[in-house]
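So the structure is just underneath, and the comments pick up after that.
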Amino acid sequence: MKIVTFGEVMLRLSPPNYQKIEQATQFEAIYGGCEANVAISLAHFGVQASHITAFPDNALGKSAMQYLRQQGVETKFIRFENGRLGLYFLETGLSIRASQIVYDRYDSAFSNIKPNTFDWDEILKDADWFHWSGITPALSLECAQSLQKALNVAHKKKIFVSADVYFRSNLWRYGKTPQEILPSLVSKSNLILANENNMEELFGIEKNKKDANTFVESAKKIQEKYPSVQKIVDTERISHSATHNEISAKLWDGKNFLETNRISINPILDRIGGGDAFVAGLIYGLMTYKGDQKALNFGICASALKHTISGDANIATVQEVENLMQGDFTGKLKR
Amino acid sequence: MKIVTFGEVMLRLSPPNYQKIEQATQFEAIYGGCEANVAISLAHFGVQASHITAFPDNALGKSAMQYLRQQGVETKFIRFENGRLGLYFLETGLSIRASQIVYDRYDSAFSNIKPNTFDWDEILKDADWFHWSGITPALSLECAQSLQKALNVAHKKKIFVSADVYFRSNLWRYGKTPQEILPSLVSKSNLILANENNMEELFGIEKNKKDANTFVESAKKIQEKYPSVQKIVDTERISHSATHNEISAKLWDGKNFLETNRISINPILDRIGGGDAFVAGLIYGLMTYKGDQKALNFGICASALKHTISGDANIATVQEVENLMQGDFTGKLKR
Amino acid sequence: MKIVTFGEVMLRLSPPNYQKIEQATQFEAIYGGCEANVAISLAHFGVQASHITAFPDNALGKSAMQYLRQQGVETKFIRFENGRLGLYFLETGLSIRASQIVYDRYDSAFSNIKPNTFDWDEILKDADWFHWSGITPALSLECAQSLQKALNVAHKKKIFVSADVYFRSNLWRYGKTPQEILPSLVSKSNLILANENNMEELFGIEKNKKDANTFVESAKKIQEKYPSVQKIVDTERISHSATHNEISAKLWDGKNFLETNRISINPILDRIGGGDAFVAGLIYGLMTYKGDQKALNFGICASALKHTISGDANIATVQEVENLMQGDFTGKLKR
Amino acid sequence: MKIVTFGEVMLRLSPPNYQKIEQATQFEAIYGGCEANVAISLAHFGVQASHITAFPDNALGKSAMQYLRQQGVETKFIRFENGRLGLYFLETGLSIRASQIVYDRYDSAFSNIKPNTFDWDEILKDADWFHWSGITPALSLECAQSLQKALNVAHKKKIFVSADVYFRSNLWRYGKTPQEILPSLVSKSNLILANENNMEELFGIEKNKKDANTFVESAKKIQEKYPSVQKIVDTERISHSATHNEISAKLWDGKNFLETNRISINPILDRIGGGDAFVAGLIYGLMTYKGDQKALNFGICASALKHTISGDANIATVQEVENLMQGDFTGKLKR
Amino acid sequence: MKIVTFGEVMLRLSPPNYQKIEQATQFEAIYGGCEANVAISLAHFGVQASHITAFPDNALGKSAMQYLRQQGVETKFIRFENGRLGLYFLETGLSIRASQIVYDRYDSAFSNIKPNTFDWDEILKDADWFHWSGITPALSLECAQSLQKALNVAHKKKIFVSADVYFRSNLWRYGKTPQEILPSLVSKSNLILANENNMEELFGIEKNKKDANTFVESAKKIQEKYPSVQKIVDTERISHSATHNEISAKLWDGKNFLETNRISINPILDRIGGGDAFVAGLIYGLMTYKGDQKALNFGICASALKHTISGDANIATVQEVENLMQGDFTGKLKR
Amino acid sequence: MKIVTFGEVMLRLSPPNYQKIEQATQFEAIYGGCEANVAISLAHFGVQASHITAFPDNALGKSAMQYLRQQGVETKFIRFENGRLGLYFLETGLSIRASQIVYDRYDSAFSNIKPNTFDWDEILKDADWFHWSGITPALSLECAQSLQKALNVAHKKKIFVSADVYFRSNLWRYGKTPQEILPSLVSKSNLILANENNMEELFGIEKNKKDANTFVESAKKIQEKYPSVQKIVDTERISHSATHNEISAKLWDGKNFLETNRISINPILDRIGGGDAFVAGLIYGLMTYKGDQKALNFGICASALKHTISGDANIATVQEVENLMQGDFTGKLKR
């Protein structure tokens, strides 16, 4: 199985030892991005993964590419463009103090890609799966257009498409709204991650306030509107504190509503990328297991494990995730 | 609003990563002191704060002064005296292991100040508030005398005076007892932090063993004895472990008894200065809000937040504290 | 009182900050070993402790010896042999992620000792106590033989012998089984740490499945078979997560069954050596207190405290452990 | 004496231990900028210094401001604007390997200032000296206009103006050339730092190829063209390797040509800001000493010393620089 | 162009900050090996490079493989075998104190390869160049046999073969001497790195004591004996101190004797892998430039640059090396 | 051979990476003291060494004692006294920037020893050599008296006494002058380190301004005045910069004047304790070799090597020093 992911990679800078940014005299550096995190995790699960992005042609772009390669991700379709490497500063909170992110990502090389920067026919030649998120079409018109091209090719080749329909309004600065851009992209996708708020805001699917399981109601309406969408997935997070969360996941496949148990993580080491780890786990599960329930379980266990691993991406192995799936949350020393 | 604070600043040296002192090959260095911590926190809340102290005229005194300035505290009245910079070594505990402090503060430049080192008329010219703690008069007779002078000037200028009537018996080494020195200082103060034990030991206010709320009984007697004292405040700490505490606060204003909810902090990053952060928060609240209850709430939330910030002082903003006041203890990521 | 301990010392390498091994660009280094950890803890309790081992004659062997000396352990009987210093890589887990150890200990200088490397008559001349573990006879035939010689001498001199009958099957690679080697060693020992599984596997003491307290039943049978064994001890660990455990201990002295309370440690800083810290605490308690119950309590408190101290060995003082014994688990700051 | 400086402050990120950027897993963080470096050094020399700039209203802008304040620089006229904090990544070279800088400074809050962001009449009210560099007018038209306003006010108030006519062509991206902008700015300045290439490129002063001391020839022509310019100064650097340089300075005051000895620095710790340290030293010298030769010597010694101090700015004291001026380059331990 | 390299990769552990091993509480970790270093450097020069080795199937083997991939080296032919990852401890010296290495490499997974672990026909299918060193045949008979197989295939396919005939007598522990093994390997090689001592000891080429250029005399005799050898290369190092060396290189191509200038490196950051960087540079030069002189120059400049880069491998770009080749040793800051 | 040394041990705190003290957010910690440094170096040379001092009974005193023990020094005669552990802050300079020390050593536990704190008969029972320095009698009258007692015992037992007649006037604060105290101590010593200035200031030996070798003239006069003094030794240091020194040594034994070559150290890692390393090397040489010249050479080589080792004490082995003695200053890698 081979997956292709598409999206921006940023340099993440975070003060060590739970310092606030104002206290930092050094920053820990690692690279990450919503879709690249999915690729990295799948590579650690043994899936062939190729990430598509653009970097500036300088030492930072080179470093980011080396990082992807180190994690087992294929980088041969990555291009160099004008612009900078996007950054974000992460101040890691704990207990009652929330983590905070200062983004500094405008004018990135990725947002400056041209419509023909990527040859999607070539890139998707032997792909089985394509994954995108709602961040990419928010960055520039060219990003949205390139993504649309990719989806057209994927659709033609019957490549399965998953989408993390992620929505951060302050990202959309180039004159288009998500409501103008996303529907056409979703119409070429087969699995989407979205909660009821997303579905309401982005696709006009009104929340049924009275229904006990409004998620399923909303999901059904999405499927009516976008028949290509076979599965709608969502995760839930109960945040007891910055260092203690419980997470679970649910899935509607058009017929069945599946849910996982809640997993409690206390303490959390690094919460960033927890959602991406879920996506990667779900994709791995769907590729590997019979039955969506097991895939969903694998996804939520992968996400839980990510919370104990520093950096944006989950680098755990299938074995480590399966240990959790089998119920071993005791953290007992393995010799 | 402008506050003036007066007291010693020390270099704090602590082993990293929860090492014991015997394991340390390096020490993390930061500066702190009971009253300076109050000034720093208030500066971060946007209040003009001037700290009065004396430093040795060497690289350590210079560093300590730079630190105060960095934190937004006015340093123009600080003087250089003979003597050393006081130190303390902090071994940070966790769970069942207690934190331990080794003090090394004798013969400090601050304890060597002269009666006329500080020109209090000039210093307090445009001040609205003056804050002192029970540590200062314990350090040397000259410290006690200089503080008395400051209080006399403050009283004359009708500057509001708060006092953290803090009592550590092993500090008093110059021949006077706290019972000889503190009453006259308290008689010029308007708000004091003291618990029933302090009130009994220092001012001879006998604890009423039978009364349900002996704090109020004691506070009333203090006010009888020291009519200038308008408010008596105390905090409570339930220590489940070195890394899990619950804190709350209470206040008697002569008429009303106010209390806060308990806030649970788990894990704690740095417990030192939690009391000073409360004082700063309370002062900010009293300066800013109508009604003491809100001020008390702001104080306890500020104190709780300090437990998650490394160093002696609270460097959180008003916004961060108010988020907690509004009940958001979930630690959810802020983007 | 003087104790002699005998066993391998390894270099432990662990990634900082809960990194996985694949993320590490540096490793924290410390030395440790089951029996040496007992010696170090006893030295910190004020007991004269001499550790017997062999090191390679290089900078690593020299460093390991310096470490033992720093911790107060006598090193004058340590010898240099051909071979390497055994290593292990420790990946420290947290919450639901388990810690993992990669051992790299074969062909160590210690496993290459000769039958006459150690002069046990000289070494045990003024000893009161001798301690060994089941790791040593697993490493090489010469290790087993040297240990047997030591026990023969100890027996003759009426030195009290304790044994941590620790069993890891993958260590036994030189052609003998633990069942062939251990019985003769246990027959010269006076106190053993063993759980029912060990007793069944190693000594053929069948577990009585129906009995409420099968530990006592098994222990009685051990004493029948090995009359020298006066006490059988075991610890229990409930693992809520990698960072939250509860521990307790039990002891059978031939007449009485003693138990401790459970102690909860949350968070755990370093779980490695928790068992060795218990053994050292128990030995100290038996040397010092009247009544095994107090010794057992001291042992379990020492073990709990170790979980909050980094490195393999407990370096807490008697005072720190006794504070816990008296029930102070609040972790309150000591000034 | 009070100086006002005007210019951008950036976050500098550099890999530790002479790593290349591709090797970095963390970056050391400090703040710096050509003109702010001058202000910081002068503050350490005891001169009152106020820096004028704009920061983004986030944790990074706050940190940069705290840094300036820590170094003794007045920050009360600093404003917050939209945009980001400019960054640069510094890869520190050694011996034959050159240091390399990756700039990431576009769209900074400073470049987004408005014509009326700063009230120059208020800012320069009690100033004796104003300092600017050629970077500021390169960043945006508004920066150039604001600088021109400042110079007009300074000229009116007879404030002495120094200018580091620094020229990096790739900075000029807003549609104007340095040749269009700089002459008017220089015409209101009294001391300029410029070498013959600058003078040729920027002001059309042709280098006299045959003349032995073409610097003086060029300087004379500058003074003819810009009569306000009283002194022209330049430094020279002989680069034996990235860690071994020799530096010297020269000055033409309209009548006299002055030169310093060459100072050899080996090894260099941090070469960045060496020129700014010279400027600050020269300004201090001109403010303090009689005779430009001594000022020039102080400047070059200050610059040399900066090469041994990490960060962008010279934080040495007058005493430390004067020790070098008196010829003590032996580096002998001071107790 | 594609190169295949074959050899062991070890974990290198070195104390930071020029500590001696006895002082280290942590070790910096990186991976390296004579032949892998060549592959890494060539990958950074843009040459397709595939490294052939075996790793243990644990976190350390995984990390080593990730490192190679990060550096751009193809890892798809790497196999997992029983055994450990070889280690070495590097104590970095400076000035008069020599660096010291403690090897700990026996029983490595690589030394445990089987004759058929690698399918050399497949591996060398599209290779243009094969590189080996004298370390590989020293490790085990199977290593020597596998190398011989590789050379046979390379010879048949007319792949150019370079060999670093490196000789460390204490490595040869499996019963064969280098004199028994190396001649047959050299007879299938086209370029060898060897000095006169190597040629005498390994191939019985007696040094001509009287001849001015005995290197050429020895080289001629090698070519007589091993007609496949087209070029003999050697480097020279003048060691002024641990941190100051001069290096140069020479080459005999059967007709011409070529030499480079001496390059002085002061200070040296990391001397390990300087020879491997030369080999990689020479190979790149021979692949790229016309004329061996330019290739030799590129090689020695690459080697010089490596001395300023930490880790075993040269990660400089072609541009950085060519800057040196054009004579720019000034280390001037590149913006 | 067994040596006893007597003197204060301090905690040394130094900013990492050549930071100035004002820049430090952490300090590297190590313990050292003039006489303890001699003991440590001799222990590393294989000489039995016992250090006599007093520590405060807290975690810092315990740490200092552990450090001595780690280095192989016997600590059984060390006592605990009231007072603090003396400190010093070391700012390490480089090239033209001088290192600077801020002492903070008054009121130390060592200066508070009582006349009978040490039982010198017991301590010196099996000693062959006693070493003291001029710092000890400067700290307090009790220190001077205890030292005098020690010398009386040593003299009686014919133990060889060496003295580093070190003179820092600002240390003498208890009312006595060195001229009152030192002569009686020197009169019981057999080898002294002193330069002509010391001899003039302390013992009134006027420097013969005209004499070519005034050292010998002064030394002769010392021997006339203090017949017990058999050898007078001095070192010379040419300081090219903080990181480049040349050192040499000379000795007068009553008949012969011996000198060493000059050794150049560039770069220096840590210059502190260079003199103590010389003393230890000289003592080792006098204990071991025939002829003072070889001892003097060993001393100066030991001192040179110390300059490349961090911390106060030389931890090199005899082998490492002898390599230098045999002229190998090339720093070539040892495998």
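Letters are used for the chains, namely A, B, C, D, E and F, taken in the order the chains are written, and counting of residues starts over at 1 for each.
The criterion applied here is as follows: contacts are C-beta pairs under 8 Å (C-beta built on N, C-alpha and C of every residue); 3 or more make two chains touch, one makes a residue touch a chain.
None of these values were measured; they are calculated from a predicted model.
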Task: Mutual neighbours - chains that touch subunit A and subunit D alike - done: B, E
TODO: Compute the rotation angle for the C-alpha superposition of subunit C onto subunit F, expressed as a multiple of 5 degrees.
DONE: 180
Open item on the list: So, comparing C-alpha centroids, which chain is the farthest one from subunit F?
Closed with: A
Task: Euclidean distance of C-alpha centroids - subunit A vs subunit E, Å - done: 42
TODO: Can you check how far apart subunit B and subunit F are, centre to centre, with Cα atoms defining each centre and the answer in Å?
DONE: 45
TODO: Averaging only over C-alpha atoms, locate the centres of subunit A and subunit C and give their separation in whole Å.
DONE: 46
TODO: Quick one: which residues in subunit F touch 2 or more of the other chains?
DONE: 16, 20, 22, 25, 66, 100, 267
Task: Inter-chain touch pairs (all) - done: A-B, A-C, A-D, A-E, B-C, B-D, B-F, C-E, C-F, D-E, D-F, E-F
Task: subunit D contact footprint on subunit E (complex, rising order) - done: 16, 263, 265-269, 304-305, 307-311, 315, 320, 323-324, 328-335
Task: subunit A residues touching subunit B - in the complex, by the definition given at the top - done: 17-20, 22-23, 93-101, 103, 168, 239-244, 267, 271-272
Open item on the list: Please output the residues of subunit C touching subunit E within their complex, sorted ascending.
Closed with: 13, 16, 20-22, 24-30, 58-60, 62-63, 66, 84-85, 87, 89, 91, 100, 102, 104, 106-107
Open item on the list: Taking the touch rule as given, give the residues of subunit B at its contact with subunit D in the complex, in rising order.
Closed with: 66-67, 69-72
